[in-house]
Amino acid sequence: REQQDEDEENFHIDFKRATVEFFRRLFTEFIGTMILTTVLGANLLESRLKLITSESAAFNNGLTILFLIYPLGAISGAHFNPVVTFTFTLRRVFPWQWIPFYFLSQFVGSIVGGLLIRGLFGGQYAALATSSVSLLTSSLANAFKWEIFLTFCLVFVILQTATKASVIGSQAAIAVGAALAVESLIGGSKSTASMNPFRTLGPSIINNSNDNRHSLWVYIVGPLLGSILAYLAVSGIQGFGTKTNEITS
Amino acid sequence: REQQDEDEENFHIDFKRATVEFFRRLFTEFIGTMILTTVLGANLLESRLKLITSESAAFNNGLTILFLIYPLGAISGAHFNPVVTFTFTLRRVFPWQWIPFYFLSQFVGSIVGGLLIRGLFGGQYAALATSSVSLLTSSLANAFKWEIFLTFCLVFVILQTATKASVIGSQAAIAVGAALAVESLIGGSKSTASMNPFRTLGPSIINNSNDNRHSLWVYIVGPLLGSILAYLAVSGIQGFGTKTNEITS
Amino acid sequence: REQQDEDEENFHIDFKRATVEFFRRLFTEFIGTMILTTVLGANLLESRLKLITSESAAFNNGLTILFLIYPLGAISGAHFNPVVTFTFTLRRVFPWQWIPFYFLSQFVGSIVGGLLIRGLFGGQYAALATSSVSLLTSSLANAFKWEIFLTFCLVFVILQTATKASVIGSQAAIAVGAALAVESLIGGSKSTASMNPFRTLGPSIINNSNDNRHSLWVYIVGPLLGSILAYLAVSGIQGFGTKTNEITS
Amino acid sequence: REQQDEDEENFHIDFKRATVEFFRRLFTEFIGTMILTTVLGANLLESRLKLITSESAAFNNGLTILFLIYPLGAISGAHFNPVVTFTFTLRRVFPWQWIPFYFLSQFVGSIVGGLLIRGLFGGQYAALATSSVSLLTSSLANAFKWEIFLTFCLVFVILQTATKASVIGSQAAIAVGAALAVESLIGGSKSTASMNPFRTLGPSIINNSNDNRHSLWVYIVGPLLGSILAYLAVSGIQGFGTKTNEITS
């Protein structure tokens, strides 16, 4: 009887509740990517203007993902990055049918993040919040290598500490925060350590970049390749076998 | 029988015990806001005097709320900030009848914090511990925008990680600490990142500020608007529905 | 039968096992205070020689107590500081009969810490690892006020997060680490933020100090008064009532 | 019946599954040591080139081991350092028959780490990622003393927080990360704080060092002696008695 009641209840609320839950996931990815893009962009911009040191900006990056994973990980999985969604799908823990919705939410979040940067810093500075390769301390080829390596480390830690497709709980929050801080610091002078295509694409569309989007491809192709390498390393540890397709609630 | 005994016991100690518990809550809000105001004021003052870097002051702000949430979150909820109490009430997890008592405890805490700052640094420096807008690196309008944005992020994290109306436990402590550190760093040159009306009001009453309270309104209206936006974003994720009015013990 | 066997077993091993357990507590207090004195002394010395920044030394202090609480808190309670042992006794969670043994272990630890500092840095620098008041940035009276305030904050956090008389577990480790870092930073230019009589006394006996122990009294009386204030504040929150005299294992 | 089925199942999959599990352990030690060697080498190199401050490099070292322990501790134990494997064996919690396999995996990891450093920074800078004694701020004898002391502290914390032979879970991750950060900071100007023979040996084979491997012995003998002292201190606390030889899964 109880089971039957429960089934009936599930039947009645199925469509409406599932839709609400799914909308909350997407809204969460939107809000998270918006805050991430804005704050990490502010860190980059202010360190380029020497308002803050590049070291504190790097640690700040790690703390930012930390303070976003705790409140939002349990709702959407706290991806905020298309290559994270992509590698979870490769690992067969995230349904590929959801990819367009997640990508769109993240992309819109990064666009609104670009607008917030413009609103907070003004149009004359906003381009400095977009990742670009400084030819004084690096080169396009070098930055490309670095984005691959940095994203490899970051996504490796994400995949190894995630619960199914969710970056959730203390362990993941602290490990991923630490990894983002470390990668931001050592990669700062090489490629500004984006490791997230939308985080760079969104602001570059709204505010341009200080090299006129010349190095934009580095921040799209590099993270993609790095995340595939991370997928291979994690599969070497955990096996390539089929995972269940269930989503954590 | 046991149930009856328990009921009887509850009946006998109800008024006295509840009063003691409530007094402990208020005393805890007082102590917490006093330490928060003093230490965050000391950070601001010392970074303005270049005794410490502004970066270390920002991280220190985060560590301060962290070391206050752990010991005190379970007692009063560790608000220490009227806009936090206010948004918990909007979310219907905090009884509106308690607001005047919490506000008073926090306000008195910030006043005593102002006195401690004067005692520790002397009257000639104490005004530097009060937030004010530096017209060299920002403007009133700009600082106002920043206080809204920074408080939005901070209160968003608080509401999303709190247990009912209490900022309690590792997850909330670390997330809120990280958020306060990050907001303090990126907002430092814009508005000194107060995000807390009483934290600025109390010391400004006792010690004035280095702009003669000219920008005081920014630190009262800005956090209020930011916290309302955070309330809206959190309600978008969790729903606007009625919450139980119960208080965590 | 089982109960009887267990009782008998307890009877047989009582003296020997209890002695071994107690010796391990004392050895742990010795090792912990030795490492704490050496590392915090190294931080102070290196920041005075500008080998490291005073900000990184302050954060390092917090990380040091953190990495000592985790491995040792469950054995001895991780006091490493006579005013911590003293206030636990005031709160009636630590047996006063144990005080001389704990104090002796901590004192010998601080003496060996002073010897390690001498061995690692050489006799010509070792005095710089001892706390003393810089008359350029502070005064004896000012430093005295600061030691009281800083120790108040630190011991307040310790008493509120401890489990009976033990600083144990994540919550206490992180909160106490954060508090020590914050106090070290804001008190650095005022009193060098010792907050621990033996930490200053031990090295001053072995290596002297750069003001010929002129300000030594500040680092003994200040922490004592601050810890009594913390005891009063915590008793205001938790009540002054009798606590059980049991020790956590 | 169930028990029998289970036994039979164990019998059937014994060799294959145990081999796969063991290979995953070794692969994990390889990946972890590779990332550790590369990132800690990058920190050292970039701080020597003044691209980052030596303080941020030190904290970064701590964050790096932190983000490696969380994802990998449960698989291989997260040693990544031959003296850690060695002291676990002395404590009789790690089977001595596994030592050659662990050492080989770690050594190959450090060699590949040396190659990655060369690839990311180029051959002209890569030697700067290898630990060596600066005769301007230290001496071989002094660096030797420091490597002993620093490794003593680090391995003491590792042995005291590990679960059998595994550095696993929040407590160990945070404590070991904090210890590595602290040791890196105070030992930076004395010996560059390697505390790990392979971390220095691998890159020195691939990229040489800036003193032509003159001080290489310091980084092999020092950590070995320091870890033996840590073994003695831990045995003083926990006893020298026989431990079970079981491995955590």
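For the reader, a short list of remarks on this structure follows.
Letters are used for the chains, namely A, B, C and D, taken in the order the chains are written, and counting of residues starts over at 1 for each.
Just so we're on the same page, a contact is a pair of C-beta atoms (placed from the backbone, for glycine too) under 8 Å apart; a residue touches a chain by one contact, two chains touch by 3 or more.
Being a predicted model, the structure only gives us computed values, none of them experimental.
Superposition angle, subunit A onto subunit D, using Cα atoms only: 90 degrees, a multiple of 5 between 0 and 180. Residues touching across the subunit A and subunit B pair largely diverge in numbering: under half of the numbers involved belong to both copies.
Computed centre separation for the pair subunit B/subunit C is 30 angstrom, with centres defined by C-alpha atoms. A separation of 42 Å divides the Cα centre of subunit A from that of subunit C.
For subunit D, residues touching at least two other chains, in rising order: 53, 55, 59, 170, 174. If each chain is drawn as a node and touching chains are joined, the picture is one closed loop, every chain linked to exactly two others. All chain pairs that count as touching, in label order, are A-B, A-D, B-C, C-D. Against subunit A, in their complex, subunit D makes its touches with residues 24, 27-28, 31, 35, 38-39, 42-43, 46, 51-53, 55-57, 59-60, 63-64, 66-67, 70-72, 75, 116, 119-120, 170, 173-174, 177. Remark: subunit D residues 53-55, 58-59, 62, 137, 145-146, 149, 153, 156-157, 160-161, 170-172, 174-176, 178-179, 181-182, 185-186, 188-190, 233, 236-237 touch subunit C in the complex.
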